[in-house]
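Sending over a structure as C-alpha cells; questions will come in a sec.
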Amino acid sequence: MNTLTLWFHKIGSPPTFYRLAGRFTPWLFALAALTGLVGLYGGLVLAPADYQQSDAYRIIFIHVPSAWMSLFIYFVMAVNAFIALVWRIKLSETLAMCCAPIGAAFTAITLATGSIWGKPMWGTWWTWDARLTSELVLLFLYVGVIGLYHAIEDRRQAARAASFLALVGIVNVPIVHFSVKWWNTLHQGSTVRLLGPSAIDASMLWPLLLMALATKLWFLGSLFARARASLLELEAGKDWAREEALRTGAAP
Amino acid sequence: MSEFLAMGGYGAYVWSSYAIFAVVLAIDYIAPRLHRRRVLAELRGRIKRQQKRTETPT
Amino acid sequence: MAALPSHDAPPLLHARGLAFARNDEPVFGPLDFTLHAGEVVLIEGDNGAGKTTLLKVLSGLLEPASGEILLDGEPLTLARLSHKVALLGHLPGLKGDLTPLENLRFATGLFGSRPGTDATAALAEVGLEGYEDVPTRQLSAGQKKRVTLARLLLVPAMLWLLDEPYANLDRGGIDLVNRLLDAHAARGGAALVTSHGAYAFTSGAPRRLPIRPVAA
Amino acid sequence: MTTASASRACAALLRRDLLLTWRRRGDALSPVLFAIMIVMLFPLALGPEPNQLARIAAGIVFVAMLLAGLLALDTLFRADYDDGALEQLVLSPHPLAMLLGCKILVHWLTTALPLLVAAPLLAEMLHLPRQVLPVLLGALALATPLLSLLGAVCVALTVGMRRSGMLLALLVLPLYVPVLIFAAGACDAAQAGLPFTAPLLWLGAALAMALVLAPMACAAALRISIS
Amino acid sequence: MTTASASRACAALLRRDLLLTWRRRGDALSPVLFAIMIVMLFPLALGPEPNQLARIAAGIVFVAMLLAGLLALDTLFRADYDDGALEQLVLSPHPLAMLLGCKILVHWLTTALPLLVAAPLLAEMLHLPRQVLPVLLGALALATPLLSLLGAVCVALTVGMRRSGMLLALLVLPLYVPVLIFAAGACDAAQAGLPFTAPLLWLGAALAMALVLAPMACAAALRISIS
Amino acid sequence: MAALPSHDAPPLLHARGLAFARNDEPVFGPLDFTLHAGEVVLIEGDNGAGKTTLLKVLSGLLEPASGEILLDGEPLTLARLSHKVALLGHLPGLKGDLTPLENLRFATGLFGSRPGTDATAALAEVGLEGYEDVPTRQLSAGQKKRVTLARLLLVPAMLWLLDEPYANLDRGGIDLVNRLLDAHAARGGAALVTSHGAYAFTSGAPRRLPIRPVAA
C-alpha cells in the first residue's frame, strides 16, 4: 500500500473522520456566514439596481448560488454513491446519504425563490418549461433517495440501495443544466462563464461569486455535521461511539 | 432605510425569498445537531440496558 | 444407513472464521467447521441464536461480515451461485395458484433434475398421492411442507440447508424427513439441519453444531 | 446428474409465469380496465366538448397508460418475494439478469400488450384525429417496453418492503418523465402536421439501450435489496 | 377481571394506528407527492399553455386526488390482514363497525388531510383562477371523507385476496364517479360564475349518510371476506 | 397443578354435532365434545386433518356447516363475539414496526386486561426481558411466538384456542407453554391445543381429541 491509500484509509476510518469533522465544522459554518454576509452586503446594498428589473433582480444572489449547489451536490452524491457501490467504503455510503437532504434543501430554495422571482418577471409563479420541470424532477430524485434510504431497515443495505438510485438519476443533471440550450424556454440562459467575459456587470458579479463560495462552505459544514451523526448511528456497537456517548452524557 | 426595505416596490418578493433562504438553512443547521443528540441519547440508553442485563441474572 | 464420511476427500463445505453482523452488531461469532460428503449435522441453538441467519449466509443470500465459505474447495461468490446448494427456508416458495406438480416441474426446469427422479413419484413418496391437481393454496400447513420436501428430492443439489424441516409435520412426516436425510447421506450428499432438538435422526446420533448468540 | 441449461431455465420460467397469468386471467385485464376508467374520468371531470377533448386526447391516453403500468409494476416481483420463490430464483445457477429479463418480458406481454390493443378504442373515446392514431400506436409500442424495463429496476429496489406502492411511484415517475415527453411530443407534432420521427427515434435508441442495461441493473438492485 | 370499555378500545386503536403512521412518517407524505407528480404529468403530456391548463385545472386536481386516494386505500387493511391483526380485531368483543370507523378516521387523517393542505399549491401550478380555489377546497373537504368511506367498503370486500390492487380500483371507481361529477360540477359552475352551492349540498348529504352506513357495511363486508 | 374439573358446573364449551364443509365437501365430521373449566385438551390429527379449521370455527371466524357451539351455555354468534375466547393462530397479529410492549398495550386496550397483570412483567415472564424497545420485526421466529404468549397472559379470556403453540420454540419455550397452560387451568381456565404430539404436557397425560378427515 502506498502512502496515499494509507492516508486515505486513515482519514476514511469513522472515528478519525468523526474527530476531524468535529474540529472543522464550526470553522466551516463561521466562514460560510462571514462570506455570506459580505456577499449579501455587496448584493443588497452596494450593487446598483438593474435597468430592466429594478430591484427585483436581487433575488439572483440566492437563487443562482442555490441552483448551482442543487446540481453540484447531486454530482458529489453520485460520486460518493459510485465509490460506495464499487469499493464498499463505509464513509462514502454515509457521505452520499448525507448529501441528499442538503441537496434537497437547496433544490427547494431554488424552486421557491425562482417562482417568487417569476411572478414579477414572467407574470406567473410557475410554467412548465424544461428548466423548471427538470429542476422539479431533481427534487423528486432527492426525495426518492431519502425515502428509499429510510424505508430499508439495515443501514448499510439501505445506503447501497439508495446509492444505486442516485447513480441512475444522474442523467437528470445535464438535462437541468443544458435545458435552456436544448429547448427554447422562458428561463434565462447562461450569464456567468468561468472562461471568457461574463454577461453581467462586475458590481453584481463579485457578490454573486462570493455567495457561491458561501454556499459551498455551508454545504461542507452541513455535510460534516450530518456525517458525524450518521457515523455515530452506524457504529453504535463500536467502542469509540460508546465512549463518545458517555463523554457527552457526562457533561450535560 | 424604508426605501431599502421597499426594494423599488419589489420588497415582498425579495424579502420573502431571503426569508425562505434563511429558514431552510436554519433547519439544515439544526437538523444534524438534533439527530446527533438523539443518537447519543439512544446509545446511552442501550449502554444502561446492557449493564442491567449483565448485572441482574448473575 | 449413512455412508461413513471419508475424511481424506476435500470437504463439501468448509467455513473459516465465518461471522455475520447486522448494522455492525455481531449476530453469530466466528465459526469454523467442515462438512464432508455423507454427513448430516444438526444446528442447535435457542430462539434467536442465529440459526436461520447462518443458513442464509451459507446459501449466499446474506453476505458474511468476515470469514469465507468454500464449497468443494471453491469460494462461494454472490455473483454466480452454484447449483450445489438447496435451501429450504421458512418460506416455501410455492405458487398457491399452481398445482404441486406444476410447482415441481418449474423447480426442475430452473435447477435441473437428479437423474432417475420423476415429479409424480416424488409426490407419492412424500405422501401426497391424489393431491397432484389441487391448487397448492388449498393444502394445509403440513401438506405444503411436504411439497417442498418433494422438491428437495428432485433437484441435483448435494448440500441441503434445511431450516426447521420438522415444524408443522405429523409423526409420519417426521419419519419421512429422517428417511430422506438418510438416503441423501447414503448417496454422498450432506445436510445442515436446524431443529429445536426434539427429534433424533433415526440412524444414530448426528453430529451437533451448537451456536450461541454473541454477547453484545 | 443433469444441470439445467440456461434455455431450459428460461423456458420453465416463461411457462410458469404465463400459466400463472392464465390461472388469473381476470387480473390480466385489470390494467386495461383501469386505463379505460381513467380515460373515462376526464370527460366527466372536464365536460364533454369534443374539440377540447381532441386537443388533449393523446396526452390523456399516455397518462392513463403510464399510471396503469405503474400500478401493475408492483405485481412484478411482489408475489415471488412473498412466497419465497424469488429467493429460489436468486439461488439458481443461471445468470440472474437473464431470468429477470424473462420475467420482465412476461410482464410486458401480460400488462402492456393488452393496453396497446385497447389504445385505438381509448383514442376513439376521446375523439383523437384519425391521422394521429398510427403515431400514437408507434409511440406506445416503443414507450411501453421502455417503461417496463425502467420500472423493473425501481421495483427491484423496493421489493423487500411492506407498503412500497407509493415509494415505488415516487422512484419511478422521475424516470418516466422523459419517456412521456418524447412520446407526447411525437403525437403533438403529428397533430400539428409537423415531422414526428425524431422523438420516435430517440425513444427507439433509449429502448435499445434499456434492453441491454436494465436487466443487469435490475439484477444488481435485487441482490442489494433482498440481502 | 376488567373488560375493556368501547371507548378504551377505540382509544387504543387510534393510538396504535397513529403511532404506526408516525413510525413510518415518510409513507404518510407519499400520497401528496404522488398527487403532485400526477399533476406534473399533465402539463408535460398536454403542453404548457396556461390558458388551456387553467380550463382543465380543477378536473386534473380531482383526478389526481382520486387516484392518490385510491392507491392509499390498499394500505387501509392490507397490513392488518397480512399479519393477523385483523383477525384479532374481528374477535374483539366490541362492535366491529365502531373499530373500523376509527381505522377509517385515521386513514383519512393521514392520507387525505395532507392532500387537502397541498391542494392550493397544485391549483396554483395549474393556473386555476383564484376565485375558484375556495370552492375547490370546499368540494375536496366534503369529497375526500366520502371517498375514504366508500373506498373502505370495497377494500373490506377485497382484503382476503392476493394482488387485489387492480380489482379494488375496478370496484371503487364506479362508486367514485358520482362524487367526482358533483365535485367537478361545483368547480365548473364557480369557474363559469354560476351558483355552485347545490352540488356541494348534495355532497354534504351523501357524506352524512355515508358516515352512518359505511362503517356498518364495511364490517359486514369484512366478515364475509375473511371467513 | 390443574384444578380438578368439576363436572356439575355447566361446561365452558359445548359443541353439538359440529361439522364444517368447504364448498359442500365435509372437512371434519360431526363432532360432539365438552370442555370444562380447568381442562386442557389436545387436538390430534395428521397433516390436513382439519385442526386449524376446527379452531377457527370454534373462535367464530368460520361458520359451521351444521351443529352449534355453546359458550358458558350461550350460543356463539358471529355478530357479537364474546371476550371469553382467545385465539392464537398461525399468524401472530403483531405489528413489526411497534415494540413488543406497544403491541401488548394495544391488545389490552382492545380486549381488556386480567387484573394483577402488567405488560412488562408478562414480557419478562416469557423470557424477553431487554427486548421491550426493539421493533418486533427484528425478533426471530421463536421470539415473536413468545410475544404472542405474553399477550395470552394479559387478556382476560377464559378459553384459549392455541394452534401449534410449540412450533418454532426451543426447549425452554416448550416448558414455558406447559407452565402457562397449567397455571391457566389452575385458575379455572380451559384450553384447546393442537400439536403434533411430540410434546407432553407436564402435569400428567392430557385428554386427547382425535380428529380425522372425513373420507370424501
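Lettered A, B, C, D, E and F in written order, each chain numbered from 1.
In this text, contacts are C-beta pairs under 8 Å (C-beta built on N, C-alpha and C of every residue); 3 or more make two chains touch, one makes a residue touch a chain.
Predicted model, so just to flag it, every value in this text is computed and none were measured.
K.L.:
In terms of CA centroid distance, which chain is the most far removed from subunit F?
P.N.:
Following the centroid criterion, the farthest chain would be A.
K.L.:
Which chain has its C-alpha centroid farthest away from the centroid of subunit E?
P.N.:
The chain lying farthest from subunit E is C.
K.L.:
Where the CA atoms of subunit A average out and where those of subunit D average out, how many Å apart are those spots?
P.N.:
Result: the chain centres lie 34 Å from each other.
K.L.:
What whole-number Å value describes the gap between the mean CA coordinates of subunit A and subunit E?
P.N.:
Roughly 36 Å, centre to centre.
K.L.:
Cα centroid separation between subunit B and subunit D, in whole Å?
P.N.:
A distance of 41 Å separates the two centres.
K.L.:
Please tell me the distance, in whole Å, between the geometric centres of subunit D and subunit E computed from their C-alpha atoms.
P.N.:
So the centre of subunit D lies 26 Å away from the centre of subunit E.
K.L.:
Counting only residues that touch at least 2 other chains, which ones in subunit E make the list?
P.N.:
Answer for subunit E, listing residues that touch two or more other chains: 24, 26-27, 30, 33, 37, 40, 44, 79, 82, 162.
K.L.:
Tell me, which residues of subunit B touch at least two other chains?
P.N.:
Answer for subunit B, listing residues that touch two or more other chains: there are none.
K.L.:
By residue number and range, which residues of subunit F touch two or more other chains?
P.N.:
90, 96
K.L.:
Could you please specify the touching residues of subunit B with respect to subunit A in the complex?
P.N.:
Touching subunit A: residues 4, 7-10, 13-14, 16-18, 20-21, 24-25, 27-29, 31-33, 35-36, 39-40, 42-44, 46-47 of subunit B.
K.L.:
Which of the residues in subunit F end up touching subunit E in this complex?
P.N.:
Counting only subunit F, the residues touching subunit E are 59-63, 78, 80-83, 85-87, 89-98, 102, 105-115, 156.
K.L.:
Quick check: in the complex, which residue numbers of subunit D touch subunit E?
P.N.:
24, 26-27, 30-31, 33-34, 37-38, 41-42, 44-47, 52, 55-56, 58-60, 62-63, 66-67, 71-72, 74-75, 78-79, 162-163, 165-167, 169-170, 173, 177, 180-181, 184, 188
K.L.:
Touching residues of subunit D toward subunit A in the complex: what are they?
P.N.:
Residues of subunit D touching subunit A: 153-154, 157-158, 160-161, 164, 167, 170-171, 173-175, 177-178, 217, 220-221, 224-225, 227.
K.L.:
If you look only at subunit A, which of its residues touch subunit B in the complex?
P.N.:
Within the complex, subunit A contacts subunit B at residues 29, 44-45, 49, 54-56, 58-59, 62-63, 66, 101-102, 105, 108-109, 112-113, 116-117, 119-120, 218, 222, 225-226, 228-230, 232-233, 236, 241-242, 244-246, 248-249.
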